[in-house]
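Here's the structure, in structure tokens; my notes come after.
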Amino acid sequence: MSQGFKEITTNGLWHNNPALVQLLGLCPLLAVTSTVANALGLGLATLLVLVGSNTIVSLIRNHVSDAVRLPVFVMVIASFVTCTEMLMKAYTYELYQILGIFVPLIVTNCAILGRAEGFASKNSVGLAALDGFMMGLGFLLVLVALGALRELLGQGTLLVDMHLLFGPSAMNWLVKPFGENYSFLIFVLPPGAFLVAGVLIALKNMLDNMAKTRADSHKSKPVKGAKRVRTTGHIN
Amino acid sequence: MILSSIRDNALALALFALITALLLSLVNDLTDDRIAQAERLAAQSALLEVIPSERHDNDMLLDTQPVPQQFWSLLGLEKGGNVHIARYNNEPVAVIIPTISHEGYSGDIAMLVGVNLDGSVAGVRVVKHRETPGLGDKVELRKNSWILDFNGRSLSNTPPQKWAVKKAGGDFDQFTGATITPRAVINQLVNTLTYFDQDNDRLFALKQTPKTQDKQ
Amino acid sequence: MTFKQITSPHGHNRQSTGRIMQLVLIATLPGLLVLSYQFGWGILINLFLAVLAAISAEALILKIRQRPIGFYLQDYSAVVTGVLLGLSLPPLVPWWLVIVATVFSIVVAKQLYGGLGSNPFNPAMVGYVVVLISFPIEMTTWVTPVSLLPEGVSHPGLFESLTIVFAGFSPMDGVTGATPLDLFKHSNGLLVDQIYQDNTLFSSASFAGVGWEWANVAFLLGGLGLLKARIFTWHGPVAMLVTLATMSMLFWDGGSSNSPGSPLMHLFSGASMFGAFFIVTDPVSSAVSNRGRLLYGALIGLLVYVIRAWGSYPDAVAFAVLLGNFAAPFIDNYTVPRTYGHNQRRKATAKEEDE
Amino acid sequence: MRQLWETPGGVHPPENKVQSLKLGIGHLAIPEKLILPLIQHIGDAAKPCVAIGDVVLKGQKIASASGDLSAPVHAPTSGVISAIEDRPVAHPSGMSALCIEIISDSEERWIDLYGHTDYKQLSPQEVSHLIADAGVTGLGGAGFPSAAKLDNGRTKPVNTLIINATECEPYITADDILIRERAAEIIQGIGVISHVLDMPRRILIGIESNKPEAIDALREACKSTAIEVVVVPTKYPSGGEKQLVYILTGQEIPSGQLPSDIGMVCVNSGTAFAIKRAVIDGQPLISRIMTVTGDACGINRNYEVLIGTPVSHILEKNKFIRKNCSRLIMGGPMMGFSLSSSELPVVKTTTCILAPSHSEIPEEDPQQPCIRCGLCAEACPASLLPQQLYWYAQSEDHERLQAHNLFDCIECGACSYVCPSNIPLVQYYRSSKGNIINSRNAKISAAKARERFEFRQVRLNKAEQAREVKREARRVATEKAKTSSSSAADIINAANLRAKARQASPDQQKAKLERSLMAAKMRLDEAQERLAEANKSGSAEQQAQQHASVEGARQKVEQTKRRLEELIR
Amino acid sequence: MVAGHSHYNKRMQEFAIILVSSILINNYVLVQFLGLCPFMGVSKKLESAIGMSAATTFVLTLTAMASYIVNELILMPLGLIYLRTIGFILVIAAVVQFTKMFIEKTSPLLYRVLGVFLPLITTNCAVLGVALQNANKDLNFMQSSLYGFGAGIGFSLVLIFFSAMRERLAAANIPPPFEGAAIAMITAGLMSLAFMGFSGLV
Amino acid sequence: MIELLTENIILAALVSLVGLGVLFGGLLGYAAEKFKVESDPIVEQLDELLPQTQCGQCGFPGCKPYAQSIADGDAINKCPPGGQSTINAIAKLLDVAAPSLDEEHGEEEIRTVAFIREDECIGCTKCIQACPVDAILGAAKLMHTVITQECTGCDLCVEPCPVDCIDMLPIEEDIDQWRWSIPKNQHQLIATSSSTVHETLT
């Protein structure tokens, strides 16, 4: 079951990306990506929880019975989320307010429980933490990409409100590539979130297809029927 | 068999619950002060926008008076509300009145209106509305500075017929393509100032509440 | 002697998709004429821009997908989408807005689903709603009908209109105003009679707003023509109009200050007739069976009224149609007609008994 | 005036019937070669009963019925059997099937004919045998052996006999001309049929309003009978059996059932004529009336054509010009199929040879996407939703296809005819029906294979256990032999023991018996199924046969059971 | 909408508004972005979508009630608001487990249909979302339950219609990169566009 | 008691969470015991869909074991005799996307049946032992024949035959088994210009 560093990395960031491939954690993905700042905030929070929960779950994986496994995992995740929630409240209150209930809802981000069940409960601590980090990073990157696209297309800005995360000095990171008056509201509103996410997924499919055709032209064909077994056993 | 299963699982879960609870209460203990502070700050910031901190030295959050019931309908309040009073050196300097317009294009527009002692507008902020994005939402300061046009206006320095959009011969701009929202805001402002006229004696006569730590 | 093998039936009634679309185009003519008379050059410019953009967008996508461009363009569906979209946009909107709307309809709503016949949503309405939501300022300013223009003011001429559309000047005051439904909506608190008296838009009209009523009558005529030519069945449009009329009758309230307006106004104002005969009837995105279309039409009629009366969009046809599109596949599953030899209608989700 | 019911849908393609009605029924010279496919009907192929080189007489049986729903084939003219082999036949697949070829001697020597003008003296069964023996199959469509249809009609009470003279397909006028010229004989045929059916309560002739002369002729011929001539509005496909039944009686044939299930039998007017010839004149079915039409033919008219005549022979005699012809169609334009070659022979179900010119039936325009316009649904006589069927046929969603009643589609082609996007809808349905039937069959055989596999697994396990037991016994025996003194007696004893151990143990015997019991039971089930089927649709003879085999199977089961019980005891 | 006179009428009106609001205007899936994973994941087949809808609606309603009780009777009196998340998630897990057992016991047939969907509901944001929102909004018991129920109906409505639509798309000739999840997203986007028409309704 | 709790927040947290934990754990423990064994009906359903050729090309000794393995999460594209249609059917059952056939297990070929050239057969019975469905008749030293209707075409009998007298013959389609094929959907085939449209038609 154990995978190498490279595999875990590419899985998390690309091949098995929670948002684009597994289609998990969609709620925050679509709900908080109207700006980069929001996306980054929630992405970081999720990343934190993922690494933490994966680590703990991997630590305790041999000590819980099947019947209570799930509730224990949920409890681990929930306590991490609650900690994060309290920290965010204490230090980035405004951002916390904008993200609204999506911070506590990290608990039900299916990707997290999915990783705990699917990976951390079967692997060593180091790998589990790495997997959590990579999955979280993959999720974060998609969140930020979506946020950037929507912000840019919708209100013609980039990096607005970054001061909520990085303090007042981030105020002047703001860029407005399309001038002052640009706005294309649909991308800020819910429909735009779906549309841009759909296009992102299609883009990934396209890249994958291109990579695949390129790889196929290099790869030799597998041996056909190599894995056959005899169903009728030994014949004497 | 079944009993032992129940017991074992209950114990396991309880153990985890114990650890979790400990951890969480620990973190809570560490952060609750900061959180309370942040919450207060957030609640204040709306008020502070209307009447900035250099103009007063009391805690406006705590220095409040309920709006008398007979004025509720004038202010558009259905469940009543509290007027916040700003004082400097214990002397009242202004009040902040909550008010709601029901004439918005797609629903209510809730505002906070700061009124100076002399009945002039100290500041207006829309705190909640459902106007059309891109059209009526220019009442937000984030989107447009229109709302600042009211500062300094009072019923005495602006005659009633001038409390209207320019299109209707008034003093205030309308938004391109939207006159309903500005009209609603203006009308409600007039109502609020009227209320202030009628109730200011009472408001300013009231004793101040004990001063607490306010600004940091 | 050998012969080519072709399956039955041999022969065909010579009807073609392209011809159906052409008929739809012809049927829009009366409405188009009335609209351009009432609202000036803006309508025609919209139409021209939208059709051009629709054809170009369609051709571009076909090229990217390596499909035969000529073959697909000859079905005229892109032109129909363009024309219907052009007819629904307010006159004298900036050129880029028309382009954005058209590109959304053709590229996102139609071609991403595989082109003609595959799109679950009505392309023209998707385009319309996208710009309505994104650019509300431009989309809520209508031109005043010709008969209401103040003394000495006239609609901008062709050249002037073009400069308005392309150079981004805003039309002069007096030429623009609200639509009757919009007016009605934000005159809440007035008795209906008062609204009618106060606004020339109503007071000099016979039933539903100057300019608009005649445009609706014209679209009704065009639609009846299509009905006669059996391009569509009566179920969709009639169901929609009847529901709309019934709802407005129920809540008419005698013209009190809460009244959402009379049945006559709802039937002949806004995009009611245009919607009923040209949008609801879009075969691709509506329900398939006759019973399904009855339900589909009724649903749209109901939603039009609900949104008009209590929502924040004065002319709800576009939203109602999209919501109807949304429900159509579901409706289809439960309105399969009774087949010869069966006692009961079947649900499309029914399993074979023997399996 | 009888009340008529209106079917939904339907289309009105140009009729194109006048051109072939200008002349009466003509006769063609006998071709030098006749090719007779052994399967010209629904059901199993006939079996040849002649050999190459045999000389046959006109009307002589050359292949006899064999299997379910079969019909014999007779020599259409006298001559020599020159081949019995696979030949391309008139079939949409363009594939080959077994045919008998006769080289005609142009002498037309008949066999002796035994007519039964007094058929009323015979029992219905006997008359129906006569019909079967004459090789009469339905001439109106599917080619269902008529005797089988009538027999089945007799097992259930039939109250209505419907004669289908609608001829709703464009171009075809074979029934029309037949009625005009030989109405009296048709009425006689109807008499025979109603005798076989034990005198149904009402007899209706359904005929479309576009055949005034034929209607007059029929009315004239029916004057003194109880037969009602009912004129139905002209609309394609009111000639479809289900549609006609509904138009005339307002009753629908329940899905998956037959007209006889609601007490009706529907027979084509040409079939009635053929039955008259078979019973009253004793002539087997060796020729039929057929329309030859289309602009690529110089002459358009109806002929009485010998079954087996190559199409090319007919075309030659009709000033056919190849280069004018866009396609060659057997049957009408709506349901007929195109022939790949003109060498194919005419069969019993051939109503028409249509050779249209390029302008008459031009090339199909390319298929465009379905716009769900619903014109097809309006045209469908079965109230299906052709556009949905097409949609699901494309996504191969068998479940949904069946839920949309794909199998109630009569393949009339009305939907394709009106489709503005030129979609060959019917072909999608045919192919989907084929796929569904194939996958049903595959499921059945998969289930059988699984059963056999699992059975084998059980058997092997048992055998393995039995072997284990035996091995153990042998080991014990040898051990005993070793430990005890090796006296001769002991050796013999041990040998005996070993032999005994080697002999099939009771367990093994039991397993064997159980196996054969299972097999016998399976066979019994199968036989019972077949019997039920035969009861539903087979002849009395078949029923008896199946009954016997069920009995046999049951005995076998009993026997095995008994032996098993003995063994256990 | 309709002016009510008696107290009873007013109550009914309030309930109707809550329902309309939670089903249409603030639809959990299309407007509030909650419960999207099952929305995307279990919408390929109409039958499964119907099963999922039924199960989710049931759990949502029950959770809304149970979490109200936990919140009002345990967390609020003890000042443990920060334990809301964890408390509610435990409640949800328990409710799901209870539902599973209950259905299994009472109707094995229903269990066969819904069984596979039940565990998925624990990680459906909408469930926790309803509990949290209700707690934030300080609703009473009846209102909480209604919000839960309305959320469930709204979820079901959208999910079922969406799956019918996706079944229709199965035969569409969609450009390859957009096949599957991408076109589903875009369809959901257009649906959410349509739902914007409900804004301002109440 | 209550007062103690309200005053001591940490204690309150402990008590309430532990309380919930105990309650919940107990419930689960009860459920775990009560509903322990559950047969997996999905295996049966999967097995129904597999072609039952019993050929072992999937790498399992027969179709049932492969069905079990799919239920345990194995890939669904390993059965060449079933081909794409079986993969699609399984994908539909499991509500996942349908992959294409894994070529390492073989290719989808037209169906065949075994045929024993009887004059060459030496009656060694090896093929009988090899046949998973008992489709070969015969006894030692007697010539053998294949019951065509029962042969699944798995070709397992071919290799053991010492004299190579077994051929796998494609099932010939006769006029009864012929089925209409789906029309070529021209508008998906044509490349670029409309003139080619007519050519592909002819």
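Couple of notes before you dig in:
Just so it is clear, A, B, C, D, E and F label the chains in written order, and each chain counts residues from 1 on its own.
Basically, contacts are C-beta pairs under 8 Å (C-beta built on N, C-alpha and C of every residue); 3 or more make two chains touch, one makes a residue touch a chain.
In UniProt terms, the chains line up like this: A = Ion-translocating oxidoreductase complex subunit E; B = Ion-translocating oxidoreductase complex subunit G; C = Ion-translocating oxidoreductase complex subunit D; D = Ion-translocating oxidoreductase complex subunit C; F = Ion-translocating oxidoreductase complex subunit B.
Remember, predicted model here, so these are calculated numbers, not experimental data.
Looking at the partners of chain A and chain D together, the chains they share are C, E, F. Within the contact network of the assembly, the step distance from chain D to chain F comes to 1. Ranked by how far their CA centres sit from the centre of chain D, the chains are topped by B.
Comparing chain pairs A-F and A-E by the number of C-beta pairs in contact, the larger count belongs to A-E. In terms of their C-alpha centroids, the spacing between chain B and chain F amounts to 65 Å.
Between chain C and chain D the centroid-to-centroid distance comes to 52 Å (mean Cα coordinates, whole Å).
Here the CA centre of chain A is 41 Å from the CA centre of chain C.
Averaging Cα coordinates per chain places chain B and chain E 32 Å apart. Shared contact sites, meaning residues of chain E that touch two or more other chains, fall at 82-83, 86, 90, 93, 168, 173, 178, 180, 183, 186, 190, 193, 195-196, 199-200.
Residues of chain A in contact with two or more other chains: 67-68, 71, 75, 78-79, 82, 86, 183, 185-186, 189, 191, 195. Residue positions of chain F with contacts to 2 or more other chains are 9, 13, 16-17, 20-21, 23-25, 28-29, 31-32, 34, 54, 62, 132, 180, 183, 187, 197, 202.
Interface residues of chain F facing chain B in the complex, by the touch rule stated above, are 9-10, 13-14, 16-18, 20-26, 28-30, 32-34. Those residues of chain D that touch chain F in the shared complex are 39, 89, 91-93, 95-97, 363-364, 366-369, 393-394, 396, 424, 427-428, 430-435, 437-439, 442-443, 445-450, 452-453, 455-456. Across the complex, chain C is touched by residues 1, 3, 46-47, 160-161, 164-165, 167-169, 172-175, 178, 183, 186-187, 190-191, 193-202 of chain E. Residue ranges on chain B touching chain C, taken from their complex, read 103, 105-107, 130, 132-135, 176-178, 180.
Those residues of chain D whose C-beta lies close enough to touch chain C in the complex are 7, 11, 13, 92, 94, 170, 242, 246, 252-257, 312, 322, 325-329, 331, 333-343, 354, 356, 361, 364-366, 368-375, 377-378, 381-385, 387-388, 399-400, 402-405, 408, 413-414, 416-422, 424, 426-427, 430.
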